[in-house]
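Which chain is which? They are A, B, C, D and E, in the order written, and residues in each are numbered from 1.
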């Protein structure tokens, strides 16, 4: 129990720090590494709350595919990266705004009673049954999201024959 | 109450209609006629028909005095609905009214009108725009006759305005002369002030009579009782004395405007810019007398109020003196006569104010003839020598024999020398004031002024006569050689001379005198005897003496071609200047019009354009400015757009989480 | 399993969202913006997963949250792909992926 | 009975459409439509006076009603009907349409559009006068704006675009206010439909403060059209820049919409509201009267002068309406009719002066009488009628208006009464400067009125005299309306 | 049940099938020279078929026999199909018809693109898929289903905006739209997660209603309500992106400006509406049901308690303020705008403000009025953008001042544009006026502070007259010829608009689209009864269901 709480805090701090670091470091390639670490830490949470399937998915899709995609993007646009990124400043206003939102949300969260801390896991088969039956429509929609993304992205990026 | 000519009374509406038809014919076709004078003959014809019919009707009235009304033209009807001020609704009915008063006026207007029209044919033949002239003159005649025969105050007012506008056009007949256009404008505006007051008076009567009693619904009665209040006076119990006094003052204002009484007298001398015929007809004999006529017909009510009576006396008495004083120094032949007209009108008003309505009318009657005579004679002079400046004339007695005699008769009549017409009527005026002053001591000063004016009158009119006719030859050698006028001009002069001699004595014919005494039958204010009193001998002698003295003085100063000039350093010099400058009233009026009224309106215009409209523009600018400022937010940087999203989010979160729970009305708490 | 603070998870997701928002407001590099958006998206996914796990205690509830999470992970990946396609096309045309420089359209 | 109102609307609509597409021949179509319109008006008059005994004075003769929008909460009907007030104003519409078409007979720039827009304006005005439903009323009310916007903006003077925009927006703001007020009246009083009759029936149930606020909103909405001081500044600009035909319709008809609206949708629906704020209306009316006259005196531009004098006259109309008396209402309608005819005449005069002499500046053009005697006569008639000369059309109206004022307000009548002197002053002064004196600013080859213009103005002059002498021709019909029901 | 599940989606299947067929044919490379005719024709036919299907489902008299949805299913309370995610309501069907109409208008107009336009396949394909996303959204009974459907439209429209791909303006617009869109998506899903955390479900029927809680998970009163409210706050923002309400509007101006006119037409006429539909679907329940325990409460499991929450007034206030701010800011910003498309964009923003009044008032008349305005807005705004595209295709510049004399030079386009602007300004006899009239009447009818929304709306529409009338002024009253920019051969004019062919240089399809828009603006402006009645019925059904 203590261990779990401890793990929660460690993971939470890791997640926050890696996320921040990913946004703050100047070298874009380092950013990708921090992002990967962030995704992994989130996967850790999923394992922590007994959702191993999601943890695996997170590792696969995010820490794997998305990270590679981002890295690819960095590589392709690389030559101009360093010069411009250095110019980014940290105004007080964005920080304040973000903090305001965090504070509101966090105080709201703190009003939730923690008397029950029980988490319940689902078996992969239960999850997949639900996913493909009860919530199958979502997956169909996800497919329909991917269709234009695929067609359009290819069209956009392709060096046309025109 | 029925005489041989009474059958004509229902046809009285033809009297104004005849010149009205002439107006339409000349107005529409005048310019197409092969010879422009033909229009003149049409107008003369119209006037002639009017005269014949008018005189016949007047004679009919003489033979059987009484009140005949014919109210068959429904001008305006509002049915009543049982509530409000006019529970039975009201009708504004137009009609004709024949009674002693209007009979007198009919004679004056038709006779003078016809003669002037006839006179015009040759007098005006050199002018351009003749169709316009005859059309306007015919319209004037029609309107004036409509006014005379008016059955109620509204109709009276309607024609009153029409004669005003005709006067406006005729004064401005030579519209290309700025002075004429300006004089016309001045005449219209000054009389307009009076008209507006008059209208106010009408409103008061209208409402007061409507509320006076149940039997007085407008639908049933129209309002002849304003005119012929006798049957209604018993019902009256003057409903509201204050209002009645006010109404009287307002009516007086209207009369003062039309009859050029102080302080609205400034326009009449300037109105001499019009053709002399117009001056003779409109600005001497008829239209200016309409004010007096108005006071006469409403004297029944005005007489109720001592305040009103005093105001009328004061204005009339003062005006006689005021105008005569200016007449004494003027060099313009027509203007002198114009001042004289103002002064004489003052006499009439004075008599009416004193309570002797018919005395005023009597003077109106005689004055119309001798003043028209003076104007026509002056017109003949002007026609002959083409100038109006007295100091340039002289010696015209020889060439303009008939004219000079006519003028002399007119002058003697005006000066009140017996047995000419002016003597009788003026004497009556003076004695009526004298009588009234016995019971109203505050009339005395005005009696004195009026009396003094007799001397001044005789002086100024003979000054004119001597300057014009006596002596050997014109003082200005450049004047064209004069010659006597053609018959169309001399005949009217001769006829009017006859009338100027006889008109006064005519009242001693019982039938004619009956008109004047019948008219006096109105019950008037308690305390002012309503009867016509015979002349006090002493008073007559003194006034004739004053008149003769005036003539003598004029002879001494101006007789036989002499020209009297006041020494440069004379103590009287400032007075002369003051009189020449017309007491600076004209200057003040111009100053008021141009400097005050126009300046105020320019200021209002400025406020309108820059402050009121400026505010409107301010809104436009406000939004434009706002738009330009807000547009800067659309910076093109997508991060800014994201920031707006986040700001919006933050605002919502704060609202929903912090503000909503704090306000019970929003469902929180 | 027991003992995990519910409020803590909620607060953590709030912090992650804040970090994402912060990144979106301050980064000009398109790829960093993509990352910031992903961080924000992940805070939502985290909520779904965690509360799915908590609601699992009620029969018939909970599994919905984790199903949503699965779909959202896919959706987020798709979005990144589309974003990258746009950034590449833009980069080809303008030679820059600094979003603050793309201000042809303004006012 | 013949659905004459719908028939007339249809005639005007079809006529407008055909006119739009008939190019150079548009004027003949427009003339035909005007003639048909006048015939239909004659039929209306006949139907109104023939069974005169059958027409109850306060009710609408000639009513038609068909459902238009019907959902559970919103009942809008196509309801049209006329009473004496509408009838007289419809007559005005017909007359002004005909004379405007005649006056602009030789219009060469886009004649199809010009005549089409003129007809459309009159269609809108006719619609306003017959509509007895909030939505229908508002539709026609706004329909008037569009053609006028284009008439000013396309055919107008040098600053026409500014003036057109200002006119459009200013009056639109007011219309919108009016619409809100009418909707609030309808919905707050749970009126069963948006028909005039149901509104009038249920509005009295509203709380008095509500009625006051609503009436004031309506007053603003209609007042801008009047226009009332200080919301009048669109008017001089619009008039000065508008082409003559536009000015004629603007002054002759559009201003009447305000008066009509206030009577029908303000006075008749919310009398209690009026009763509580009568003094505001009086104040505004007096301000308009004095202001219009005072500012007119300072004008050098003939058209601007006439425009400001309209403010003065419409101020008297407002005063007469505000009196809420039988006599006052009668006077108001009569004066609206009179002002419609006279101001149309005067605007035609300014138009003719402008294109004959190339300028309307009273300081630079003068003494035109020898050159253009007919124009000069028209000017005089117009000016004299406008200043209230008896025997011309305005006098009976102004006389009655002031009489009603005296009856209700006592000595306050002095304000409009004394202003009559100022009115006379600026017209007389205008005549002196324009018509009299030595000719100046007369371009070579200037000639008197062309036939088309002379005809149009001649008709108006005849009407001015005719109705001045026989006002009962109008009064007889006007009193077949709520006029007869008021105290 | 299963058969039903498929037949309901027949219109959508047509859209999807057409899109796939287009991609297939494109990859096969047939009819290269007649691409637009082929793909556009396919797309148009598919949309028409889908529209017919939807109208049939709405039981429009002549088409009722074609209905694919059994009558009993429509408007049955949240009819379940394959889970609890989808429902067929006449409200949704009405919106489907609206979406399809706007798509039809755009695809019709796009038929006038040059026949061999390179991006034709992707344009029409994405158009179809975006429309598909919108129609699917109209079936939502579940928050996640709704958000995902919107996301389909979103992804498609990002790419549509940039489909010219060589045009820096279009790509910049796509980039901006993508960034704000992705941020909004993240915020929406975060909001959904907050709601899920409180309710344990994302079913729209449950959200906003009473909160169930048990002894295992007892959220204290304040906490649960606050978190749910905050979740709604996030959803307001996230969906507000699509609706272009202030302050989530800024992208729209740049995007409408930078995108090809036909795409702008689709964004303003179509995809904006899906956001509004989302607003209605998500927020009407909490606004209307909060504080009330609905009669159809599902059986409460043993040990559960019910927490009645009050969302109504706070959300109404939020929407009311947002409505006023949106319309005002949109109008004020449009006042000084010099670019025609940007002016239209701002006007579109302000129109969104008016539509929100319906949500703030949240009575059945008000919602019906808002739906009518949404319907009207298709023809006014999409029509206006199509005209702008046509005029740009004729070589007139993109600034408002370039339009001098357009009204006289191109009478058809000028008059049509004038009609659309007048309709936008709310001048009578146009459907724009009728819609505003009904909407504001409804606000007045609701009484209370909603009257002020009507007042604000009307004053704003008066303010808006200023810039609409200014355009009319330029078109008809300014001297001088329209500025003509020479179109380089094969290039695009006015930034990103493809050149056009056909009647008078604007193309048959475009002329037809414009003609249809104008005809509808007038037809329903004069006699709105048919549409209004059916909208009112649909809204009544929805609110009854709630």
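The criterion applied here is as follows: a residue touches a chain if its C-beta (ideal position, glycine included) is under 8 Å from a C-beta of that chain, and two chains touch if they have at least 3 such contacts.
Note that this is a predicted model, so its numbers are computed, not measured.
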Please identify each chain that touches chain C as well as chain D. B, E
Specify the chain most distant from chain B by Cα centroid. A
Which of the chain pairs holds the record for C-beta pairs in contact? A-C
Most central chain, Cα average position: D
Starting from the mean Cα coordinates of chain A and chain D, work out the distance between those two points in Å. 70
Chain B and chain D, separation of their C-alpha mean positions in angstrom: 35
Report, in whole Å, the distance between the mean C-alpha point of chain A and the mean C-alpha point of chain C. 6
Whole-Å gap between the CA centroids of chain D and chain E: 43
Listed in rising order, chain E residues that touch 2 or more other chains are 144, 148, 151, 155, 158-159, 162, 165-166, 175-176, 179, 183, 187, 216-217, 222, 226-227, 230, 253-254, 466
Going by the touch rule set out above, which residues of chain A reach two or more other chains? 93-94, 97-98, 101, 104-105, 108-109, 111-112, 116, 118, 134-135, 138, 141-142, 145, 149, 152-153, 156
Touching two or more other chains in chain D are residues none
Touching pairs here come out as A-B, A-C, A-E, B-C, B-D, B-E, C-E, D-E
Chain E partner, complex, touching residues on chain D are 68-74, 135, 138-143, 145-146, 149-150, 153-154, 160-161, 164-165, 168-169, 172-173, 176-177, 179-180, 183-184, 186-188
Across the complex, what residues on chain E touch chain B? 175-176, 179-180, 183-184, 187, 222, 226, 229-230, 232-234, 236-237, 240-241, 246-248, 250-251, 253-254, 290-291, 310-314, 317-318, 329, 332-337, 463, 466
Listed in rising order, chain E residues that touch chain C in their complex are 144, 148, 151, 155, 158-159, 162, 165-166, 168-169, 171-176, 178-179, 182-183, 185-187, 189-190, 192-194, 196-197, 200-202, 214, 216-217, 227, 253-255, 257-258, 301, 342
Enumerate the contact residues on chain E facing chain D in the complex. 364-365, 368, 422, 427-429, 433-434, 437-438, 440-442, 444-445, 447, 451, 454-455, 458-459, 461-462, 465-466, 469-470, 472-473, 476-478, 527-529, 532-533, 536, 540
Tell me, which parts of chain A touch chain B in their complex? 93-94, 97-98, 100-101, 104-105, 107-108
